[in-house]
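Several structures are given next for inspection.
Each of the next two complexes has chain A plus one more chain, namely chain B in the first and chain C in the second.
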Partner chain A sequence: MRPPALTVERTLWWGPALVILVVLALGPLIFSDYYLSAVITKSFWLGIAAASLIFLAAYVGMVSLGQVALYGIAGFTMANLVAADGGSTIAWNPWVGTLAGILVAVAVGLVFGAISNRSYGIYFLMITLALGVLTYYFFAQVTQLSGFGGVNNVARPGIVSNPVGDPANLFYIALLASAGVYLLIRYVVRSPFGLALQGIRDDPSRMRSLGYNVPLLRMLAFGLGALIASVAGILSVWWNTRISPGSIDLSRTLDVLIIAVIGGLYRLEGAWIGAFFFVALDNWTRGVDIVGSRFNTVIGVIFLAIVLLSPGGLMGIWGSITDFVARRLSPARTAQPPVRPANETGPAPE
Partner chain B sequence: MSQGTEALPLRQRLRVLEAQPLALAMRVIIVGLGVFVLLWVLFFAQDALTKEPRTFLIVLLNGLTLAGLYFVVATGFTLIFGLMRVVNMAHGSLYMLAGFFAFQVQKELTGGEATSAFGTSEASLAEWIIPLVVACVGVGVIGIVMQQVFLRWNQGQDLRQALITIAISIIIADQALAHFGGIAEDIAAPDVFPETVDLHLAGVSYPFFRIFVLLVAIAVGLALWAMIQRTRFGMIVRAGVDDRNMVSALGINIQLVFASAFFLGAMLAGLGGVLGGTMISVDKSNDTQYLLISLIVVIIGGMGSLAGAAIGALALGLVDSFGDVYLPEGYTNYSVLLIFGLLVLVLAVRPLGLFGRPA
Partner chain C sequence: MRDRSEKGRLRLWALLATLVLVVGVLAAGCGGDDDGDGEAAGTQADTSTGGGEASGEPIKIGIFSNNEGAFAPFEGQTWGGAMLPLIERGATPVSGDPTKGVENATIAGHPIEIVYGGSDSTPDKAVEEARRLVEQEQVDILIGPLSGSEGIAVANYSKEQPGTTFVNGISGAQDTTLKVRSPNFFRFHNDGTQWTAGLGDYAYNELGWRNVVTIGDDYDFPYSQIAGFVAEFCSIGGNVTKRLWPALGEEDYSSFITQIPEDVDGFFMGVGGTGTVAFVKQYGQLRGNLSDKIMGGIFMTDPVILKELGSQVEGVVTAGMTAGDSQEPAYLEYAEGLGTAYPELEGTASSVFAYGYYTAMQAIAEALEEVDGDLSDDHAAFREALSNLELDAPLGTIKLDENRQAIMDNFLQQIVADNTGDGVPDVKTIKTIPEVDQTFAGFFSPETPSPDRENPACEKAEPPPWTQQGGGG
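Moving on, here comes the complex of A and B:
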């Protein structure tokens, strides 16, 4: 690791990050209750869902479309185990239900991982998509678990309070959860386990010949992805106060994929940037006549444009901007191309 | 980064887990679970066979005709993948669009008379064939445009191509909802077809159109097989699957072959859409449904394989129809788990599908 020096590039990355953090820490004072809850808190949990996808895609080379199904499993498990209208009649303590939801989602995630861990690339994507859509059909058919109109008025731990009337508590919980997930992933990818995963991403056969159990490591990585996704699932149920099969259908799965791609499929921070972009755009277009009801077309076109023109997403664009500015501002560097810090170089797409 | 030295401790830490028996045990458990589920279904089916041969025959025919429809749709998907390595995530959207196109054209032709939800079929043969042709060619053209405008210059980047087709499927789904609405519609079958045929077997009268779909599927299968094995185009396609660069080096316009294969694949989705729209219904949720079906059929059968698509469609169709009827009372809505089990069973034994081979 090089010692941190205050370069133009570092300033351009950390400056905005600090500003955003300060604004977020003061969130409830700055934003209206509606905006805080409907846009920012929602961005947090969608961002966590996207982060689980980005973690798998960027560091393990597994582009999974099963993350929404896993967060749905966490959400449905919790919603069924605590007091709620619809679903099963069990009424456990909300914290126990939350823990059980996360555990069940991780267990199912490990099973999904075991099914798909010997498939790579596009095959992996197809298998996880099939598993995800099957999960949706499962909950759509089994009304014992999903109720006829979804599971409503799901009981929350007291600390969450009322997400509509008093959104600040859930906002801070989602902020902390996001920070926790971000730090967890940053920690994991620097650990020996994470390094092994990156080795598998780059060359599975070489890792195999070095003696690593590649399928097992990929399965465990998928389980970790499920853990992250389940946090998003729990938060989404608290935020919505309900969950229905429609919360995990194919279009929700694609929403999370869109968020990850728009933010930047190979940059962890992109998860929340993409989520904020997505939710804010959704919120904004509702007020615009022409595109108001056709949000999916708008987001589809943006998604297409990003995939075609800037595969690195918004983070990729920001990266190019900082590179450009840094080249212009630091005369010492004009002779040679700028060297980015080691931890900033994400894997090249494809 | 010093990956090499830092990676070693993990290897030691995971040595306990590395032991092969774990992987083996998991595989045995998974396979055992699958076999158990299949035996369970067979047991119930057998039980019912002695009691109710009539129900059994109808459910069997339902499964076979459904498999026919699935086969037609999935061959298009697998053909495109086999030749171009493009996973066309918009395949279900093309299926749905074709259904809506045919419905709309038929409505124009018959003045909206033929297609009432409960009414009998009042469309003449031409009033069914013309919508069929229009819909197939329509989605075929959409397929070509998709391939030429977006996919052609991203050849070899399979993830990016999949993302592109996903974006297109999102746009199509939203636009279809805007133009055709969210109500399920039926395409009227031609009135020259009899409503049902008497099979002279266990007193079963079976809907003729479903049998027609099965016949079409068999015809499509044979035609594709003959085309791939016997014609010059098929020869080029097979060569292109193996070595695209060599084929173009021999002076064959591989781009033209790709475009035609994409047209054909999209047309098969379209044919499926019109058959399915007549046999079942046209609905806005068809895109998800038939994308899933195409995926499962080719995951079971193996990507790019015609025989695999047939086996996969058969397995899925039969499990679908038997699961809905023969699961024990109160558990029929768990039938999705059977499909899940089928998928698990195949992937545990053959990660590339029954007829799949490494790219």
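Moving on, here comes the complex of A and C:
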């Protein structure tokens, strides 16, 4: 039997989610083509990239700075295998190219997982940062793959219409991909595999003594993170119609980290909330006279405020509000802490 | 589990304040999307209230250059150049900062609205910004971008937007017009290749160089610049032994400088943006005096950079589309106009950034005047006027080829000791090469490989007509 306070709490969590879903389902009718494409669709694929980071950070205790590199590997692989200006001259079917891009990114993810799976905390962070920088310089230097000045006009599968002229198509694809990624992660973290990962997050030594192969599980988790990131990479190339080394440089790596922290590094939904906040803010400040060219300053201040005041990010703020309202609506239950997803403020990696 | 006792009242207030900020931002973000008319927040200079004679439909012109990255220091120059044609037509600057736009701008009786944009020299960002200006702010005409790779991406994007006319800012990659050839993308200044006309000839015949190394940032614009130098220098018998490509925005050039063999006759320096000063200073520390060893791209004579470099580059020969020592009345008027409108830009008239954006806006203004601001039928008449325009620019006439790319004079220049007393070395024009076209006297065509790290190959060929071997003076 669930206590009544929980019902209020659940309403406060699921109500807005339902509204957002309905609004999104009707997106093309509500938003202008530009906003739909340049802000919302971009938020989806950036959100997926951030979700791959949040999955690793929140459930495995691996804060990775390599997710942009992995999505870049998927994007570059696909862009080179299909018809495009620049890069290799191979012109496969776009679907085959897409699949190959995802597979290569997952393979690279597993290899990097194998290299880094015994590192924890700051050392793991540094290794994945090295992956990011290495990948950037690889594509910047090997111009046979990045085609002087990037790979332009990358061919898309027929179902993905022109992202400028007819953005609704790609919007729905990105929406479905986001929903798929969300459900996949939710499913995985409830599976025995996911529970083992959370055990590793909390106490690797104990998991090892219980007989789990900790390095193997961490490697597989990193591979799963690469799979999610590769979806973001494919969508970003479809959305941009191009990819260049500048698409995956260090500042994009930081963007994804900032998005994850602003959204809430320990709540999965925070990935998309943070991405939307980031993209909408960028788009909006560019039109405002005083802050027009100072987006980085604005986002930096917000980042600081979030880190100092609400380490749980925007999702943490929302959590505080729902707690507050739930307590008000059910005064009898104030003493009892509401039941929350176990990992919201899960312990940071050691 | 969260420990509630830690949460003080202060923190709750701070959370609420942040939340209010968030909601405000999101509301504004959603609100600004569906009304693409004049009340969009980005319109900086709302001119609909000024100028009694401005009776026609307002025309929206978006302008963007770089407000982040290696070229951000030149944003003011680009904007100053772009604003000057409007100021010459009666507009007044909003402030001493050119990026704030102008008030009461009119062209051919149409009020002009300026919309601000800025990118960071990456193609992704440039297209995002172009999309925002075209699709959200709904500008009629877009001026920009600044940097080479950006130009190729924006020219490709322009094909998706046949209802908008694009005029290049100062991005100088060859492919932008020679390969992409978008019907609604115009460039009223020379590309990086054209800017080097005369340098190979001077290196070979005047300086007696035979073996040369090139160094340039690793992206499209320096590829184009070095392509021009290599094509000309090799066509008359020179040899390029090595091409070095540091990344754009590099700060430590020492490993590249040590790769330049001590025994080469000289090297062509195509490091631009914020890297030019760092490179020259580091070269001085590692190898000593460089003024007799180096030929420069357009950046060496940029007034801002020249001021930084000072006397250590005296004697260096460069080439480009501007001539800071010109005494032509039209040029003096242009230079004075820029310094009067924006005192901070005093002395920067010969910057290609200012001049490129100036010619863009000036061409737009003259073409609009020719058609009385008629932008109907997807700008058909306006584009016809732009294509056929013979722009009487301060440093000579500019006309377009069939790819809508400028054909104009190029100036071979030498940096000499300061005579004007401003502490900045002067620039002396030593030769004018008339009407350099994008094919570079036949070296390049839509079918030739795009300039890159290896292309064009260093080969002896038919010398261009402006070289001694080709019969030029």
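List of remarks:
Here is the rule we go by: the second predicted complex is superposed on the first by the 325 of 350 C-alpha atoms of A that agree within 3 Å, B and C clash if a C-alpha of one lies under 4 Å from a C-alpha of the other, contacts with A are read in each partner's own complex, and residues count from 1 in each chain.
Here is the rule we use: a contact is a pair of C-beta atoms (placed from the backbone, for glycine too) under 8 Å apart; a residue touches a chain by one contact, two chains touch by 3 or more.
Everything numeric in this text was worked out from a predicted model, so none of it was measured.
On the superposed chain A, the two partners chain B and chain C do not both fit; they clash. After overlaying the two complexes on the shared chain, residue contacts for A:N152 are found with chain C alone; chain B is out of touch.
In the overlay built on the shared chain, the residue A:L216 is in contact with chain B alone; chain C does not reach it.
Applying the stated contact rule after C-alpha superposition, one finds that A:F303 touches chain B and leaves chain C untouched.
Judged by the touch definition given at the top, the superposed model places A:Y187 against neither chain B nor chain C. Judged by the touch definition given at the top, the superposed model places A:W95 against neither chain B nor chain C. In the superposed model, A:P311 makes contact with chain B only, not with chain C.
In the superposition on chain A, no contact is made by A:W14 with either chain B or chain C. By the document's definition of touching, both partners, chain B and chain C, reach A:T143. Legend: residue contacts after superposition of the two complexes on their common chain; A:Y123 is shown touching chain B, with no touch to chain C.
Among the candidate segments 3-11, 75-83 or 183-191, the part of chain B whose C-alpha atoms clash with chain C in the superposed model is 183-191.
When the two complexes are superposed on chain A, the residues of chain A that touch both chain B and chain C are 143, 249, 293, 296.
Against chain B, the residues of chain A that register as touching in their complex are 63, 114-116, 118-119, 121-123, 125-127, 129-131, 133-134, 137-138, 141-143, 192-193, 195-196, 198-199, 210-213, 215-217, 249-251, 254, 257-258, 261, 293-297, 299-301, 303-304, 307-308, 311, 342, 349-350. Residues of chain C that touch chain A in their complex: 1-2, 4, 7, 11-12, 14-15, 18-19, 21-22, 25-26, 28-30, 32-34, 36, 40-42, 44, 67-68, 75, 99-100, 116-118, 122-125, 127-129, 131-132, 135-137, 148-149, 152-153, 156-157, 160-161, 173, 175, 218-220, 223, 247, 450, 452-453.
On chain B, the positions that touch chain A within their shared complex are 1, 3, 6-11, 13-14, 17-18, 22-23, 26, 30, 85, 87, 150, 154, 157-160, 162-164, 166-168, 170-171, 173-175, 178, 288, 291-292, 295-296, 298-299, 303, 333-337, 339-340, 343-344, 347-348, 351-352.
Taken in their complex, chain A has these residues touching chain C: 31-35, 37-39, 140, 143, 148-150, 152-153, 162, 164-165, 240, 242, 244, 246-247, 249, 276-277, 280-281, 283-284, 286-289, 292-293, 296, 302, 305-306, 309-310, 314, 317, 320-321, 337, 345.
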